[in-house]
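Heads up, there are several structures right after this.
Two complexes follow with chain A in common, the first pairing it with chain B and the second with chain C.
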Partner chain A sequence: MLWLITGIVAAALFAALMAVVIKDIVVAKKKKVRYGVRESVSAYLLLAPATILALIFVMLPIVYSLGYAFTDYYLLEPDYMQFIGFENFIKIFESIGKQGMIYHAIINTLKFVVGVVPLQIGLALGLALFVNNKRKGTGIFKVCYFAPVVISLTITAQLWLQILSPSETGLLNSILGWFGVPPQDFIRNEEGAIWWIVLLSAWQGCGYQMLIFLSGLSNIRQDLYEAASLDGANKWQQFLHITVPALRSTFLFIVITVFVGASRVMVQPMLMTDEKPHTITISYWMYLEGYRYREVGYSAAMALLMTIVMGAITLVQRTVLREKD
Partner chain B sequence: MLDENKTLDEQSAIESTQAVPQEETVETVATEEVAIQEKAVETVATQEVAIQEEAVADAVEVEQFFSQEKEAVEKKAERSPNVKVRKCLKAIGYYTAGTIMSLIFLFPLLYMLATSTKTEQQYAFDAGSLMMFLPNVTDLATAFGNYANVITGYGMWQYTINTILYAAVIIVLNIIINGLAGYAMAKFNFPGKGFFSFIILFLIVVPVETSIIPLYSIVNQMLHLTDSNMTAPLAIILPASISIFNIFLFMQFFEGIPKEYEEAARIDGAGTLRIFFSMILPLSKPIVATVATFCFIGTWNDYVWPTMVLPYPEEGMWPLWNIQAGLTSVKSATGVTTGEIMASLVVASVPIFIVYVVAQKYIVQGFGSAGLKM
Partner chain C sequence: MKKIFKAISSLALTAMLACSVIGAVGCGGSTTSDVDEEGNTVIKIAFHVDKESAEGKAYAKRISAFNTAYKDQKIKASASYIARSAGATDYETTLINQQNSNKLADIITFDAPNCASYAQSKLIYDISNIVPSSVKSDFITVNEYQGKLYGLPIQESSAGFFYNKALFAQAGIDASGYTAENPWTFAQFKEVCGKLKSAGITPVDMRMDATQDEMATYLLYPFIYAAGGSFVSEDGYTATGYFNSQESKKGFQFLKDLVTEGYTSYAIGATDFFTGSVGMYLSSGWTIPDIDSKYTSTFPDRNSWGLLPYPQDVQKASATGSWSYAITNNHHKDKSKIKELLLWMVTPESSKVITDATGMIPARRSVETNYEAGSPEDVLMKQLQSTGVQRPVTVGYPAFSSNFRSVIYGLGDNDLTTLLNARANDIQDRLDVLASRN
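On to the complex of A and B.
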């Protein structure tokens, strides 16, 4: 079944390629130019390995993630796959209505995005402005703020699991002990856990965006600031009228990448709490449904919904941030 | 190189071309990042900003002329002791704030390093005092004991070797496969080229949410790579060897290499593959290094996919897991101490830290490309 679909996709692509090839040759003949046969053949041979791999590992997953959404595909039985229309989507909306796991996943993802996007970008911008001067030693500060980026998300999650450990020897609990506060179970706390994940994710990620902001800041001409200060503009006005407009394109890039990255959050809840309603996220839910419970069709339907929502939101972000000019 | 009887002139010519693309990379990578992400939108915005800036700068020059007197007054004021004191205080404030923020950012890492040298008793004893952030220096045997346990006892050395092998194969395949495709797109004229460039752009721009489950269904149910231990590593290597974005990076870079060098080599009788491996790749060291660095970081830090496709380690067998997956097996081992967990985290962080230090230049050049994946 899967090979059959693969064959159909490959044949369709090959037909499209042939159509373009024939069109190109016809156009070339009209213009009295010729393609070198040897050159063309070697170009196709050079492209062949990449094309085959891209077909199997890049294009097919895209085609499947669209197609599976309308089937009842159970992971281990591809041959019994059946077309079931919009049933998966109805099931999703029913589950949201009943406040099932998907409902929690959506709420938690929203909380995470709303928390992490402003926090991480704000921190990154603040740090970039802070180290963006000619004083000695800012290089060391930069390294310090960038250090958490180097460690992976897996390491971050495990490290913070120890810091937030519920026993009284855990780092945060032992500090709270100085003030006589009894040990808390931060990560199993239904209210606070997702916010701790927000905090540690921003801590891990913001050094990266700081570097991007710094490269944006270094493109601003220094004489603009000198001129503005001669005109009597204070630091805040300089920031508002020189730095902000010049950073707009950098800012747009960072907002979109951080937003997209944040909405895909998965490793932190996976490693820190496993499947729990108070920390589950959409991506983690899709992973659990598709891999652990093997309901690929159900998982793919959610992925399709999310792709549509995400595409719409990034489009809005682009238009809004562009119009401010 | 290509010709053994190369004259000095030719040699210097090649050297000078080597210099040119190297200088261009920073620019090309930066512009590519913009081009892909925002394309027309961005260029228009930046152009507008540039025009505005120029206009402001012109007006400023005129005003600067008139306000030189004012500047002179200000300079006099700077020399007075009062201003000096204020400047000094400002500097002290700046460095104090910077240090406090550095400590806020570093304390989890300090805690990780310090705890990794302690036994469970020392860890419990130090909890609640500032000793939490200081390593155990009194007893060096236990300080290194945790590391010895983690590396040999829990098999971290095996996971490390696995990851380095995976990364090495992925880097080589990635550069050859995507490099050849980029070379064909940049330097060859053939019917159907428009089709390929459309596909490349389409795949870069289209956002797809988690195609990881469909990818798993392909690897597991179509190719059956996860069925045996012999083929399981292919499930890590093959999907990571193709990167549309890297094809795009290579394509952009190769377009900057002058056609004359290739033609000269062709007249000397070199074939296409020989030109690619002994001329194009050596001329493209910066982009090759950027791609290799990001491949390594990606392979080293990958966690979810390896745990999905690689078999769970069995007793008495060489495990196939990579380092991040290995970390979770250390954590869930019976009788593991907090110090050992922290030591395993340090072991997994050190190599990637070295990569960041050594390949700093290429990481800054390529951070736009990783921004896409995040």
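On to the complex of A and C.
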């Protein structure tokens, strides 16, 4: 059954691709463009492997996920899958109403996004401004700030667990101990744990955005700063009236990517606390529903809702931050 | 005309290319042959470990011996090894994918708590009529669900309290009377903790912090049984009234008291026992080789440390559990030859080869162990045979386990009744959904 659905979906997607190819050929012929049919077909042939792989590994899972959201698919019993309409969505809203785990997941994800987006972007911009000069040794700083990005999240999470260990020998508790502060259980603390995860994530991710900001900064013409300086603008005014507007499109890209990445946070709470109400996030909850509790249909419904919400927010962000022509 | 012909030819080529890729993926639906070129019936078995690990090598050795022994009967075992790079869920996902593509092995290994859900979903086969009663009764535990036999353990495990004899002597404690046959009581356990604390020693690492995985559940569930409590009803579908019963609450209260009275905490470092700053350490048999080989400065020999059993309250209970073998409900309808491999893999000889490689306890009573009387291994073996209790058998085991861990995680700071009621309701919600599928 599963393979039949796969075949139908794959055939439909392939037919759509073929339609695009044929349309392109017809349009090319009508407009009498310089490249011929043979070139057009050759181009599509070259694109075909990547397109087919994208269809199989990107489009198909999305289509499947959409379909599963309306079923009671239980991971161990795929043959007994039934269409149940909007039941999964109703259950999600009921669970939110009852302040179940999904409610905590939403609150924690919101906290994480609200915390990590400004912190990570702020850190990245600060670091980029700091290393954006020709002084000796800035290359070392660039490497240092970028290093956490290439380290596995699993390792950084374990590293931070050691730093935040509730034991007297934990790194942070050892330092606090010098000032007579008793050992703190940072990660079990229901109020504070998510903010430690925010800090870890911002620290881990900001190096990548720093590089993007650096690239944006290098595109700003130096004569603008020189002119502003001649007009008496101080550093802050130069930053506010030259750097920030020039980085608008970079900002837009970074805000959207950091926002999307933050909304999907999963590994850090998974490794640092497992399934706990004070650190659970939406993505982690989707994973748990699908794999630990094997409720694939319910998990897919959550994924669909999250996609809609994220898409809407991203559109708003694009509209608000769009560069004026 | 010529151009159009060329265009159509190119399109056809693209279509063929696409179909070949899709076909390559789609061909997973076909089953592989059960008979090889030499006419042997091939029985497939999947293991949950890396082939190059000590355990994997032991399995390979027994598979090789099987193939030699059954050469004349034209039965051949073919093993696959699925290393759990990302935990047990990873292995389970592989099994489910194989089941969906009709490629599931004839025999699989599975973590014992999954027995109920696998049996309920018909992933595994009822082997009640396959396994002779003499074999079944020789096992210390077996994997049953609703009165039917579904799995035979590969090996067994048990846990206990490793203790530092020097620190016990410093606190004036004589623990020699607490044996597997005659365990100590909850009160005596607290008394020992009290003496250690008075001597300025952190009494016990109960592993309260090990709630990120199954460890806390595996080590701490016996306390609830010992207090007379339970987790779910016999059919495995009711948690409220069991998980949060007065008896269960008593077991959890004992654990909570250990925290509030300062006998244990969530902040004990992972190596504090091994470096000599904690009196006792709750762990399984796999800690024995670690103490013997890695921590010789604190524990130079076996006279410097010992192993105490789980304490009892209204009844005795200790941890059990490991991975088991099961025959699957795959396309191979004739299970008679598969039975041969299953029974081969659980012979005392196989059990010995595997447990010698892993250091775990043999699953069968008849396997000769040669444990020295009173040794840690002997304590674990005797405790397992006399007081071992399985974790709850329920299709909602993952919900039970994660909620159990949530209780342990929150014991120190929350009202116990509120905590237990909330967690019991959460398990019940899951069980209700699973029950509605029947």
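Throughout what follows, the second predicted complex is superposed on the first by the 279 of 325 C-alpha atoms of A that agree within 3 Å, B and C clash if a C-alpha of one lies under 4 Å from a C-alpha of the other, contacts with A are read in each partner's own complex, and residues count from 1 in each chain.
Everything that follows uses one rule, which is that a residue touches a chain if its C-beta (ideal position, glycine included) is under 8 Å from a C-beta of that chain, and two chains touch if they have at least 3 such contacts.
Predicted, not measured: the structure shown is a model, and the values here were computed from it.
Within the superposed three-chain model, A:217 lies out of touch with both chain B and chain C [touch as defined at top].
Of the two partner chains placed by superposition, only chain C is touched by A:185; chain B is not. By the touch criterion defined above, A:318 lies against chain B but remains apart from chain C after alignment on the C-alpha atoms of chain A. In the superposition on chain A, A:292 contacts chain C only, with no contact to chain B. After overlaying the two complexes on the shared chain, residue contacts for A:14 are found with chain C alone; chain B is out of touch. By the touch criterion defined above, A:129 lies against neither chain B nor chain C after alignment on the C-alpha atoms of chain A.
In the superposed model, A:271 lies in contact with both chain B and chain C. Within the superposed three-chain model, A:56 lies in touch with chain B and with chain C [touch as defined at top].
With both structures placed on the common chain, the touch criterion links A:75 to chain B and to chain C. Which of chain B and chain C touches more residues of chain A is settled by the count: it is B. Shared interface residues of chain A (contacting chain B in one complex, chain C in the other): 2-3, 6, 17, 21-22, 25, 36, 42, 44, 49, 53, 56, 75-76, 78, 168-170, 271, 291. Contact residues on chain C toward chain A in their complex (touch as defined above): 3-4, 6-7, 10-11, 13-15, 17-19, 21-22, 25-26, 28-29, 89, 92-93, 96, 99-100, 117-118, 120-123, 209, 211-213, 265-269, 272, 398-399, 402, 405-406, 409, 412-413, 426, 430, 433, 437. Residue ranges of chain B in contact with chain A, taken from their complex: 30, 33-34, 37-38, 41-42, 45-46, 48-49, 52-53, 56-57, 59-60, 63-64, 67, 70-71, 91, 94-95, 97-98, 101-102, 105-106, 108-109, 111-112, 115, 123-124, 127-128, 132, 177-178, 180-181, 183-185, 188-196, 199, 203, 206-218, 220-223, 238-239, 241-242, 244, 247, 272, 300-301, 303-304, 308, 324, 327-328, 331, 338, 341-342, 345, 348-349, 352-353, 356, 364, 367-368, 371-372, 374. Residue ranges on chain A touching chain B, taken from their complex, read 2-3, 6, 16-17, 20-22, 24-25, 28, 35-36, 39-40, 42-44, 46-47, 49-51, 53-54, 56-62, 64-65, 68, 73, 75-76, 78, 127, 130-131, 135, 137-138, 140-141, 144-145, 147-148, 150-155, 158-160, 162-163, 168-171, 174-175, 177-178, 203, 207-208, 211-212, 215, 221, 223-224, 227, 230-231, 245-246, 248-249, 252-253, 256-258, 260-261, 264, 266-267, 270-271, 283, 286-287, 290-291, 296, 299-300, 303, 306-307, 310-311, 314, 318, 322, 325. Chain contact summary for the complex, chain A toward chain C: residues 2-3, 6-7, 10, 14, 17-18, 21-22, 25, 36-38, 41-42, 44-45, 48-49, 52-53, 56, 72, 74-78, 80, 100-101, 165-170, 183, 185, 188, 190, 271-277, 288, 291-295.
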